[in-house]
Every structure is written in C-alpha cells, then in structure tokens.
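One chain, subunit A, links the two complexes that follow: it is found with subunit B in the first and with subunit C in the second.
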Partner chain A sequence: MFKYILKRALTYVVMIFLVTSAGYFLAVQTMNPALLEQEKIPRPTPEQIQANFASLKLDPQMSAWERYVQWLKDILFHFDWGRSPNGAYINSEFGQRVWVSTRLFAAAIILSLIIGVALGVFSAARQYKASDRIITGYSYLVYIIPAPIAYFLVQLGAVAINQAAGDRIFFVTGISSPGVEPGWPTIVDMAAHYLVPTFCITIMSWGGYQIAQRQYLLDSVNADFVRTARAKGLTRNQAITRHALRVSFIPVAQSIAFTVPAIFTGGFFAEAIFAWPGIGLWSLQAIGAQDVNAATATLAYGSVLFAVSAILADIATTIVDPRVRMN
Partner chain B sequence: MSANPVLSVKDLNVSFNTENGVVHAVRGINFDLHAGKTLGIVGESGSGKSVASMAIMGLHPTTADITGSIQYKGKELLGLSDKEMCEHRGKDIAMIFQDPLSSLTPVYTIGDQIGEVLKVHNKGMSKQAIKDRSVELMRLVGIPDPANRLKSFPHEFSGGMRQRVMIAMAIANDPAVLIADEPTTALDVTIQAQVLEVMEKAQEETGAGIIMITHDLGVVAGMADDIMVMYAGKPVEIARAEDIYTRPAHPYTIGLLGAVPRVDRADKVSLVPIDGTPPNLLNEVHGCSFRPRCPIAKSGGQCCKDVAEEPALRLIEGAGEGHYAAADIAEQLVDARPEDLYPVPEVPESKYDSIPREERPTVLEVKNLKKHFPLLKGALVKRRVGTVKAVNGVSFDIREGECFSIVGESGCGKTTTLLEIMEFNKETDGDILVNGSSVHDGLKGSELLKMRKNQQMVFQDPTGALDPRFTVYEVLAEPLENQGWKKKDIQKRVIELMRTVGLQPDHVNRFPNQFSGGQRQRIGIARALAVNPKLVALDEPVSALDVSVQAGVINLLEKLRADLGLSYLMVAHDLAVVRHASDRVAVMYLGRVVEIGHVDQVFDNPIHPYTRALLSAIPVPDPEVEASRERIILEGDLPTPLNAPDGCPFSTRCPIFKLLPEEKQKVCTSEHPAMSREGNLDHEYACYFPNEEVAIVSATNPEAVVGVSQDETPWGDSALAADSTVADSSAAGEGSIRA
Partner chain C sequence: MTAAVPPTDNLPRESQDVPELKVDDTPDFKVINKSTIITRRFFRNKAAAFGLIVFILVGLFGLFGGLLAQWDTNTIDPFYMATGPSAAHWFGTTSAGTDLYAQAVEGVRTSMAIGLIVGGLSVIISAVYGCIMAYFGGKLDNVMLFFLETLMMAPQLLVIAIVINGAGGQKIREVLPGWVILTIVLLIFSWMYDARVIRSMAMSLIQRDYVKAARYMGVSPFKIVWRHLVPNIGSLLVLNFTRGITLAILSEVAYTFVGIGVKYPNYSLGSLIAQASSQINTLPWMFWIPMILFFLLVGPLSLMNDGLRDAFDPTSLSVGKAKKDKKEKAK
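And now, the complex of A and B:
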C-alpha cells in the first residue's frame, strides 16, 4: 500500500514538473511586461527598463531556454520562485495569499462537504417526498445561479440586517479590521468578517455533493446486497446505513478530492467580491500584469494541489473499498 | 406437531401502483409448507412467483398492497411492522437470491456478512462463538479452508462459491422456512449441480421447509415434493411432483412440459410452442387467464365451462393425491400428451438430410484457431505478466445445412471462438475458411464485404441487440443497404423477411419495444437472414427467452435451416437445447475441444470425463429419472485460462485422474492428449484413460470419494439400468470407497 502511494506520488512529481515547465515556456513566450512599463509616467527609457528587468532576473533579451534554466536553478537550489516585474518577491507574496485563501475556503469546504453528503443521504432516504424535492431542487438551482450574483445577494442581505439592527453586525468585505484589541474583541471581529463569505461559499458548494451522494445512494439502496441484508433481519434503515452507504460513498470520496483544488484555484469571484486577496485572484492579476513568475507559480500550486488531492482520493478509496487493496 | 404447516399462505394478493396503473401481480395463492418438505413454484417471468416470495419475506416497499394471510407456525406475518418482521427474517424465514454476484455486499468480508446474521438474532453471542459457528457453516456448505476464507471479500470468490456463502447465511439460524428464488439460474450446470446438492444437505441439517422458485422444470424435478405451477399471478395447478410430470391436468402445464427440450432424448420431434404471450396484469383478467393461448379454446373446443368466469383450482380425481388444477375439463386432460393438445409443426425436412455429410460442401473450416490475450501490468509502461489462452488450438468444420454447436462452461472460450470467426481478422492465429476463402487471403473492400454477407449473427439478448430508435423496417433494411441493394428491392425483401420469421408484415413500422421477447428474437433472426447468409452464428439464441417462447424460436430456427439450407454455428450453455437443435457438437474446456462428434454419439455415449460430468449435471424434467440418476459432481470451479494446468487442462478437476495410479497421472500432466477416434464413428475425444473408474465426489464433503467405473449414459438408458451404476462397478471389482 505504502509502496503504491509512493509510486503514485513519484508519477505526480514528474507530472507537476512537466506541467510547470510547459507553463513557464508558454508564459515566457507570450508575456512581455516591458510593454506595460512603457505606460508608466514618467516613461522610463528602454535602457532603464532593461537594467531593471535584468536585475529582477526577468531579462527580456535572454532566450527562453536561458531564462528557464536560470529560473529552474533558483527554484531547485534556493527554492526561490523569482520576482514580479514590480520587484515583489513571489515567495513572500505567495505565502501571504495561500494563507488568505486557506482561511477563506477551508471552513466552507468542510461545511459544504458535511452538509452536502448528509443532505444527500437524507434526501435519498426520502426519495420523491417534499423534503427531497426541495433539497434536490435547491441543489440544481445553485448550479444555474452564477456565483457572483448569489454572493452579491447575500451581501445585500447582510447589509440590510446591519441597517435594520442599526449596528455593523457583519462585515461584507475584508479580512479583519485594523487596530482591534487582542483577545475577545479580535475573535468577535474575525467572526464578523468570516461569517458572510463562509456562508456564501458553503451554500453555493454543497449542491454538487448532495446530488452525487443522493444519486449513488439511490443506486445502491435498491441493490441486491441491500435486499440480502434485509433478508438477514436488518431493518430498512440498518440495511441502508450499514451496507448501501459505504458502497455509495466510494465515488463521492473520489469526487471530493478533485473538487478541492478547483475551489481553491477557481475562487477568484469570492476573493474579489469579499476583498480577500487570495491565490485565485492573484493568478488572474498575474496574467493581467504580464507577470511570468507569478503566473507559473500559481500554475505549479494548482498542479500540486491536484496531485495531493488525487493521492488523498486514492487513500480514501482504499479505505472504503477493499477491492482496490490488491496489488 | 409435524402435521401443522410451518408456513401457511392463504389467498395472498399483491398489487403495485405504477405510473401506468395498478399491477395485480399475485392474484390469490394458497399453500401449506411442512417442515422438511420442498415446494417448487414454477412459472415464467411475470407469473408472480418472485413477488409472492418477497411478500412472504415482507420485503416489498410499503406502497405495495398485500392482502390475505401469511402465517408462520400459526402467527400472522402480514401487517407486522418492518421492525417486528425483522425478528423473523433471517431467523425463522430465510432467503437465497438469484444472482450471487450482486447479492453480497462488496465492501465487507464474508466473515462479517455471515457474522452479521448471527449477531442480529443472537444478542450477546460472543465473538468466538460467532466465528466458530461461521466456520461450521462454511464447512457445511463445502467451502474449503473455512477459517481463512472468512477473511476474504466476495470478489475473491467465484459465483458458485458465493452462492454457497448465501446458503450458509440463510441457514445460519436454522430457519424453519427457506425460500430459494432461482438459486442456480445464474450458474453453470456443473456448479448448479454442486449448489443443488448443498441445498439438499442444508435441508437435511436444518429440517427446513423449502420453497424453490424456478422457471426450470428440470431443477425442481429431483428436489420438490409438491409443485405449484403459476400463470398470470395465479396457481393453475398444484400437485405432488411426480403427478405434475406424469399426469399434468392443466393445458399450460402440459404445454410447458412439451416445450422443454430433453437432453436425454434422441428422437427428433418438434417442440411444443405455446403461441402468444402471458396477459398484461395491468388489465383486469376476465375469464381464464390462459384462454388466449389455450390450444383447446383455439381449436374451437370447450375447456372453460363459463367463459366469463376465471376457473378456480379444484381437486382432480384419479390423478394422484391432492392434485388441484384450474381447468374445467382437467380430468380429460390427465392422460393427454402435449402433442395431442397443441398443434406441433412437423419436423422440417431438409434436402441435405439425404446427402451424406462428406458429400456436402464445407461452409466453414476452422484450423488450429488460437486466441491468446496478453495480461498486462503497470501504469505507464505495460509489462506482459502472462497470457490468457482463451482459445488454444480449436479445429472443426461445418458442412452445408448443418447445425454445429459448441458447449462448455462460462470461460471455456466458446464465445471467443465464435467472435474470432465473425471478426475474420487477417491477424488470426490459425486459419478460418468461410466458403473456401481464408482469413489470410487478404480480402479487401468490396470483396470482403461480399464475403462477410455469408456469415451473420444472432445475439443472446434480443432487447440489447436491437437499436431502440430504429423501426423494424430500418433494422432489417440496414444490412441490405450496406450491401448496396436498391430501395425497391429492400422494401420487398423486408416484407418477405417478416413473413419468413413468422411476424406480421404490417408491423414493420413499429419499434422493438412494442414486441415481446420472442418476437424481438425473431426480428434479430430476420436481420441475420436479410442478406442470404450461408452461415449464421447463434450466440445463446434462446437463453434470454421464457420456456414457452423458446420452443417457438427453436422450431423456427430448425425450419429456416431446412428451408433455406443454412448452416448454424451455435454457442449455448443449455445442453438440452443443443441436443435438440444440433447435428454435431463440440465440448470445450479451457480453450480446447475435449470431445467432438455427432450429437447423438456425444450425448448418448460420452467418453471424455468432462463431457460425462457435464451431461450428468443437467437436471431432467422427470422425477423418476432424477431419482435414479447418478451425478458426477465436479470439484471446484473452472480454473482461469491463465493458470491452466500443464498437460491435460482438465486434470485438476478430473474424476478419473483422482483415482489413477501415479505413473498414469504423470502421463496426463505431461502432455495435452491428442484427439482419438471412437471406432469408425463421427466421434473424437481427447483423453488418455477414458475407461478408468470415475470418482464420485460429494459437493458438501469433498473428502469422501466413491469410485464408479464407466457406465453408459449418466442418466441411464432406462431407469433400471441407471439404478445399477454402483452395483456394476462393484461387480467389476473396481468399486472402492476412499476416505
């Protein structure tokens, strides 16, 4: 088992290397930050730009291959992902942003997972009853509503509550207020900032899990082995929880692992709307700013997340499904 | 007191609310089941037999409307809540289901699943006690190495072994009632014989009353004490088993018995087809439910006294004890033979019948055909870790107007052989010649297309083989269009084809789902015949059909062969069908032909031990034959073609090999036996020592081996001869009992 995971991990390391290298070449060929520099006022001379970029190791006169070797050496020997055209260090910027993203999404991902799977089980057990129709109907509704619109609506709702209360209960943007005393006031301030974004992301994300879990459970509720379990003398609910649930969770466990990186790297709407400067937003900004190193770093981060998720999915599947424990 | 039935069902009715209306699936069943007795319930799909059994188990959804009475030892079960019913399920009443592959939870070990049924009903049973009992149960149903096998998962067991596990779970708490719903339908015949024996053993151990539900009159013939024949949700006949087979009194039962081909009969008579289809139970039944298909009513006779009223079950005098039938003139039918009642088509005569086989042109010749699949391993770079020898040197030929069948257990390579011939790929290892043109001739384009029209195929599942969005016309026109026919000719040909296969030509614009299963298979046959092929490959052509419909399709195939001079290459697992329909037969085992020859030769005088075991495993719908039949039960399952043993592939399971002295065993394991010819007959076999004594192995106790020398047919030429199998061997001084 351990050997198998190690083998898979090695495969993914190769994959991450290839994806990142390919991404770097693509970025280096197409992005030209020097053009943006020329729009600055006062306009710098080409020599100034050249000298500036050369000192940032973004020398546009070097060939793509030379720049790749230089970039790769820095990463491999110093774990230095280079600098942005404005001189910022990718490493430090990246560290801050990952932390912001994690705080924004971690709670929401866990919550939506628990709520989604629980509602899936609940609605499958009550197939075609009113509660099932409402829960499943809501999940499909979430599929069609564009996320930004839902976020804005919730923001408006929170603002309305604030106005009705005549006090600022919720913060609809930002991570924290400056100058809050440490201790209890900080915790209250954090909660007020976290509540709205976490709520928004959660209610928009559980639908997928709910629909998947409901569908897979329904497939196995009428399976022959559940009938066997009932013939042994288990009640319907016992048979479903002991036999159908675990089998139906196998495909859900796999899908969970693969949706996590999508949420992290694709969460730019939430980051932009709630003004939490995270990784998703950064990757968009990097492309806009013709920032080769930042764009490549976010790409590398995405592929690492994917690889970790895939291995987690493998482990999860192995735990719930003995049939894959072989080999 | 044993006079009290353990299970008593009175006036059981089950109906379901569906989108299309109320389906009245079971319309009044009455029976008493006594301890230690077996009741067989026989019926076609949709006759309500499974619905009734699920009602007894209380496993229907709450939306099902169940009325009547089901009493277990005097206690009413109907109306109990799910929770109350759980007290009885698995403890007093247990059930064995049809498909062992899907009936066990894939993510739990066998030990967990057997332990669960013990735990649920025996609160406070210790872990050790559960384990001991599980091992005991596993041993009882004949699973080797039970203590270790408890840790295995279902996917590590074969189908037959899984069904044994199901039986072990069912008898874990010594139930008084055991319901088996088609317990062997999904299994190969040799495995079926093992499982049936395990069930008999289980009944001996527990003294349970068994309800055996099946569509196969043969399976229950040897087991059941009483048999109930169901039709359209209602029993039409109930009698003791021997009376059902010898003195059937309902036209439907009579027809069913005539519709089943018999593996022990050589005489060529057409089967009795029961025309029409069972009524749709969405509609209320008026009058006798069988009337639209009843041969007496059809020929203008009078069976029902009152056409408007459904005949009730009543006691029939002079046809054995407790014989009930739902036919008003049952007394007159008791001695009727199926052929007397039903219009039986004459045995079609082919112009080839009079020409000796050697003088007929060869349609298909297969020479040393091999199909090996590489077994690969590895994620990125594939390594070859082994070879699956699915087909390993098969040779045969088919002459014009002949039906050649390949039989064997699943995994023996029969379907792969068929597909290789249909594929006609020039990469083929070995040679395939269709009408003289070889796969290695390198035919291309139009030549290949022309050649391909000579070989057509009929598939097993008629529903899956027809595009549901095509009308019948489009289905039949497609092969003709491919061959470049003109539109006007196609129209004419499609109408002609519909008539040929016995369908109404004005139904060409219907979609496949508007036809019944048997009619769909007729469409499949018509499609294969469209381009006037020489050779039609039949892949299990009737196994998806009900018995009464099957007879009609077999008769049609025979008629077409005679009328059109077709040759058939048939693959089937039902040896009775093969015996009935074929001229020649090949028995395959692990990719090789072990016995080949004229069908009567091979079936009446089987030489290879595998053929003998295979034939002896088939239950015959005749309790007398069943009672006297000696089964050669094979040990274990078919080895996978991957770990095929050296030398004779059958040696691991061979009942002869087991008793051979060591030096002879060496011969068997050293080299694959070549084909030997039996006298001057059309009969060849691949075995070194066919005349040595045969070990009779018990499925439940593999250690006890009884030696029996070779006798005639497994079922005996007559009941008398078969009775003396064991006596014969001891007379010859070879009978031996080994422990």
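And now, the complex of A and C:
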C-alpha cells in the first residue's frame, strides 16, 4: 500500500509540474504589466520600464520560453518563485498568507465532510420522513445558489445581527483586530474572525457529501449482506452502523479529492467577500495587477492542495475498504 | 434498443385468466414510438412539465423581451435616477439612471447562452471522451485519464481570472466579447467529472454480449461507441445536460460576482447582481429582480431533472394511461 501511495504521489508531482508550467505560459502570454506601468504618474519612459522589469526578471522582451527556463531554474535551484511587478518577493508574500488560507480550507473541508456524512446517515435512516426531506431538500437548494452571493447574504445577515444587538458579535471582514494582546486573547480573536467565513463555506459545501452518503447508504441498506445481518437478529440501527455504513462510506471517501477544488474556489470567493487577507484575495488582486509569478504560485498551491487531498482520499479508502489490496 | 416497449408483464396472467379473448392474432397492445414514450413520461411528471414551461418562458423573455423595451442598456434617463419599478421603467433604474429591464433582458440572454453552450457541448465531449477511454482501455486509457486528472487539478478560478484580466489578451478581447471567452474557459473545465463517471459506466457496458458481437463482426470502434454505448447511457447524459446548464449559469454568476467574469459593456445576470450588491439596502429592486430571474432560470432545471431521469430510464416504473386502462380491463 505504501508503494502504491508513493507511486500516486509521483504521478501527482508530474501533474503539478504540468499544471504549473501550462499556467505559467498562459499567464506570460496574456499578462502584460508594462501596460499598467504606463498609467503611472509621472509616466516612466519605456526604457525605465524595461530596465525595471529586467531587474525583476520579468523582462517583457524575452521570449516566453526563455522566461520559463529562467523562472524554472530559480525555483528548482533556489526555491525562489520570483518577484511581483512592484518588487515584492513572492516567497515572503505567499508565506505570510498561505497558512491563513490553508487553515480556512482545512477547517471547511473537515467540517463539511463530518456534517455532510453525519446528516447523510441520519437522513438515510429516516428515508422520506420530514427530517429527511428537509435535510435533503436543503442540500439540493444549496446546489442552485451561487456561493459568493450566499456568502454575501450571510455577511449582510451578520451585520444586521450586529446592528440589532448593538454590539460586534460577528466579525465580517478581516482576520484579526488591531491591538490585541498576544497569547490567549489573540487566539480567541482569531477564532472569532474565522467563524463567519468557515461557517459560510461549510454550509455551502456539505450538501454534496450529504446527498452522496444518503444515496450510497440507501443502496447498501437494501443489499443482501445487511438483510442477512438483520436476519441474524441485529436491529436496523446495528445493521446500519456495523455493516452498511462502512461499505457506503467508500465511494464518499473516494470523492473527497474531487470536492476539494470546489471548496478551494469557495474559499477564494469567501476571501473576496470577507476581505480576508489569504491566498485567494491576494492572488485575485495580483492577477488584476498583471503579476505572472503570483498567479503561477497560486496555481501551484491549488494543485498541491488537490494532490494532497487525493492522496488522503486514497489512504481513507484503504482504511475503510478491506477489499482494497493495492500493489 | 428497439422502438417498441410492449408492457409484457400483464400478458401471461391475462391469457390464463381470459383465454377466449386471445383467439385472434392481433396483439392487445399498441406499439408506441420510443420518443412518444419519453415525451409522455416526461409530461406525466407535473413538476417537470411546469419547469420546462417556466424555462421556455424565461428563454423567450431573453430572446424577445428586447422588442418590448423602450430603452437600451446604456442610455441614461436623467428623470428616473435610481427609481423603483414604474410605468416608464418596468424593472426600475440603476443608480446611474440606466434601464434595468433592458439590462435584465440582455443578462438573461447572456447567462442562458453560456449555460446552453457549456451544458450542451460538455455533455458531448464528456460522453465521447469517457467512452473512448472505456472502449480502448490500456495505455490510451491511462494517458487520457492522466490528462483528465491534470485538468481537474488546475484551479479553474485562477485560469479564468488570468484569461479575463490579462491585459496582454487585449487583441483576443477585441475580436471576441468577454462572455464568449468566459464560455470557452468554462467549457474547457466543465466535462472532466462527467467523463470519469461515463468511463466507469461504459466499462461495464463493454462487457455485454451485444458489444462483443459487434466487435467480432468488425464494426468500427467509433460506430460501436456511438451506436451502442452512447444510447445506453442516455438518461445519464440528459441529466448531465441539465446539470451542466445549471452549473455553467452558477459559475458565470459566481465568477462575475467577484469581478472575473462578464464585464461592461456586456451584461449577464451575474454582472447585474454584482452591480447591485453595494446598494442592496437602498435600491433593493436592483438586487432582487436579477436574483428572481436567476432562480427562474435554474429552479426549473432542477424541477426537470427528476422527470427527465424517469423519461429516459428504460426500467422506469412510471405507469401511463395505456397500462392503467389495461389493468382496469384485467379486473
């Protein structure tokens, strides 16, 4: 199994490399920071712009291939992801933000998986009862609401609650309040700021898990081995928890990897709506500022996130599925 | 896959109960065309039929609503700035004084066009790609799966942002309007998940005898895929089509809302909702009218899903008038 996962990991490394390289070429072809420089006051001469970008290794006169080789060499030999048109180092900009976003995504993924699977089991055990219809109906409703608009409405709701209470209960923008003492108050403050965005991504993402888990559990509840278990004297709930649940979780576990891109996108939307200084907001602003290196670094981050979750999904599948004999 | 689907399950019992009725050779069932069965089954589901009607009405609004409009999308009416719905401006005006009705017509048309193009083409791409993977298997399957997963891994949002915001792509944008570029990128990233599901379904179909028979008869692979595999996954494809439309419209609205989709001078439902978001409390109609139109566009699609699945499912238990009449007679 270890060998199998190592092999998968190698494949993913190749895939990450391809995605990032393709993204780099796309970005180099479509983005042109020199155009934005010309809007500056006082307007720099073309020679100044050229010299400036050449010193940042963003020389617009080099061919795309030469720039790619230069960029790739820096990453491979120095792990240097290049610089922004304004001179900032991608490594430090990225490093400051990466954990902010990763924490948000990880919390949202774990919460929506747990809630989705739990509600899926709950609703499958009560098929066609009122609670099942409400839970499943909610999942289908969420499916047709655009995520950023939902976040926006939640934000408005939180603001309304704050105003009604006359106190700041929910933090709807930013990640920390200024001037909080280090230590315990900082952690509480940070948790308070994480609350609303995490809540938003979670309520918008568990629907898929819920529907899938409900469907697969219903399929396996009617399977022969569960009927056998009931015939041997187990109650319905015992049969579900001991026999049906594990089997029905296998396809859900496999699907974890493929829901991560959606949560990643949702996280970007959440960061844009809640003015959250993570990777998402930063990269959207950087792309607006025609920053090739920042765009590519974020692309790489997104594909690494996918690869990690795909490997985790493989491991989860191996744990729950005793039939998997991988070599 | 013949055209006739006779309700055979009643026949043996009937012939035992009332053998004297079966003296003449004329069959006691009518041969119904397959497309007729599908249409009938679909319209038997009231919610689905209602959804289809609403969807068509909204579509007609997008196509022909412009004929009724007294204003175009960009003309500023200085006498009606930021006013609610009135006789002069049916959907009210924006904070700049432009007519929301004309913008809504264009928005619905753009969003619907994106949805239909992306939904329709991605179904075809995913079906062909998935079936080819399943049919040929082996090395080709591995390579194609690798390509598919690589595309899946690339963050769609960033690629869209790069393509839409890249100033270097100015030349492309002069030729193609922004919403067409968005459509192309959405299409590139829309088919992989369906293709994976179709691959695994087609893999089990390929083991069936009729596919083997066709293979041994020397029928060309592409013909087998087209004639034997594609019809068998028909109900899945139809569902993918409606789901694809919904997803494309949703993505358009979502991306435009955060500023990386359709841009002025084009209007879409997403850009209408986005332009209203800062004034939701002062000019509520600017936000809620596009939102209602959006739900009138995607809501019917999810109502239609169930009816479509039933209509295209060869093992459907949906009981029609003909069968009910037969049961009555049998009693």
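In this section, the second predicted complex is superposed on the first by the 312 of 327 C-alpha atoms of A that agree within 3 Å, B and C clash if a C-alpha of one lies under 4 Å from a C-alpha of the other, contacts with A are read in each partner's own complex, and residues count from 1 in each chain.
The rule is simple: a residue touches a chain if its C-beta (ideal position, glycine included) is under 8 Å from a C-beta of that chain, and two chains touch if they have at least 3 such contacts.
Note that this is a predicted model, so its numbers are computed, not measured.
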Practice prompt. Overlay done on subunit A, so just call it for subunit B and subunit C: clash or fit.
Written response: clash
Item to complete: Identify the partner contact of A:Val247: answer first if only subunit B is touched, second if only subunit C is, both if each is, neither if none is.
Response: first
Worksheet item: After superposition on the shared chain, which partner residues are touched by A:Ala164: those of subunit B (first), subunit C (second), both, or neither?
Response: neither
Worksheet entry | First (subunit B), second (subunit C), both or neither touched by A:Ile41 | neither
Worksheet item: Which partner does A:Ala130 contact after superposing on A: first (subunit B), second (subunit C), both, neither?
Response: neither
Worksheet item: Looking at subunit A, which partner touches more of its residues: subunit C or subunit B?
Response: C
Worksheet item: Just subunit B (first), just subunit C (second), both, or neither: which does A:Arg323 touch?
Response: first
Discussion item. Contacts for A:Leu76 in the overlay, against subunit B (first) and subunit C (second): which applies, first, second, both or neither?
Written reply: neither
Practice prompt. Determine, under the contact definition given at the top, whether A:Ser283 touches first (subunit B), second (subunit C), both, or neither.
Written response: second
Practice prompt. May I ask you to decide whether A:Pro146 touches subunit B, subunit C, both, or neither, giving the answer as first, second, both or neither?
Written response: second
Item to complete: Using the superposition on chain A described above, determine whether A:Ala272 touches subunit B (first), subunit C (second), both, or neither.
Response: second
Practice prompt. Give the one stretch of subunit B, out of 397-405, 505-513 or 559-567, that collides with subunit C after superposing.
Written response: 505-513
Worksheet entry | subunit B/subunit C common contact set on subunit A | 11
Practice prompt. Note which residues of subunit A are touching subunit B in the complex, please.
Written response: 7, 11, 223-236, 242-243, 246-247, 250, 320-323
Worksheet item: Residues of subunit C touching subunit A in their complex?
Response: 146, 149-150, 152-159, 161-163, 165-169, 193, 246, 250, 253-254, 257-260, 270, 273, 277, 280, 291, 294-295, 298-299, 301-302
Worksheet, complete the sentence: Seen from subunit A, its contact residues with subunit C in the complex are 11-12, 15-16, 18-19, 22-23, 26-27, 29-33, 35-36, 140, 143-144, 146-149, 152, 156, 258, 261, 264-265, 268-269, 272-273, 283-284, 287-288, 290, 295, 298-299, 302-303, 306-307
Worksheet item: In the complex of these two chains, what residues of subunit B are touching subunit A?
Response: 57, 59, 82-83, 86-91, 94-95, 97, 99, 102-109, 116-117, 120-121, 153, 155, 166, 169-170, 379-380
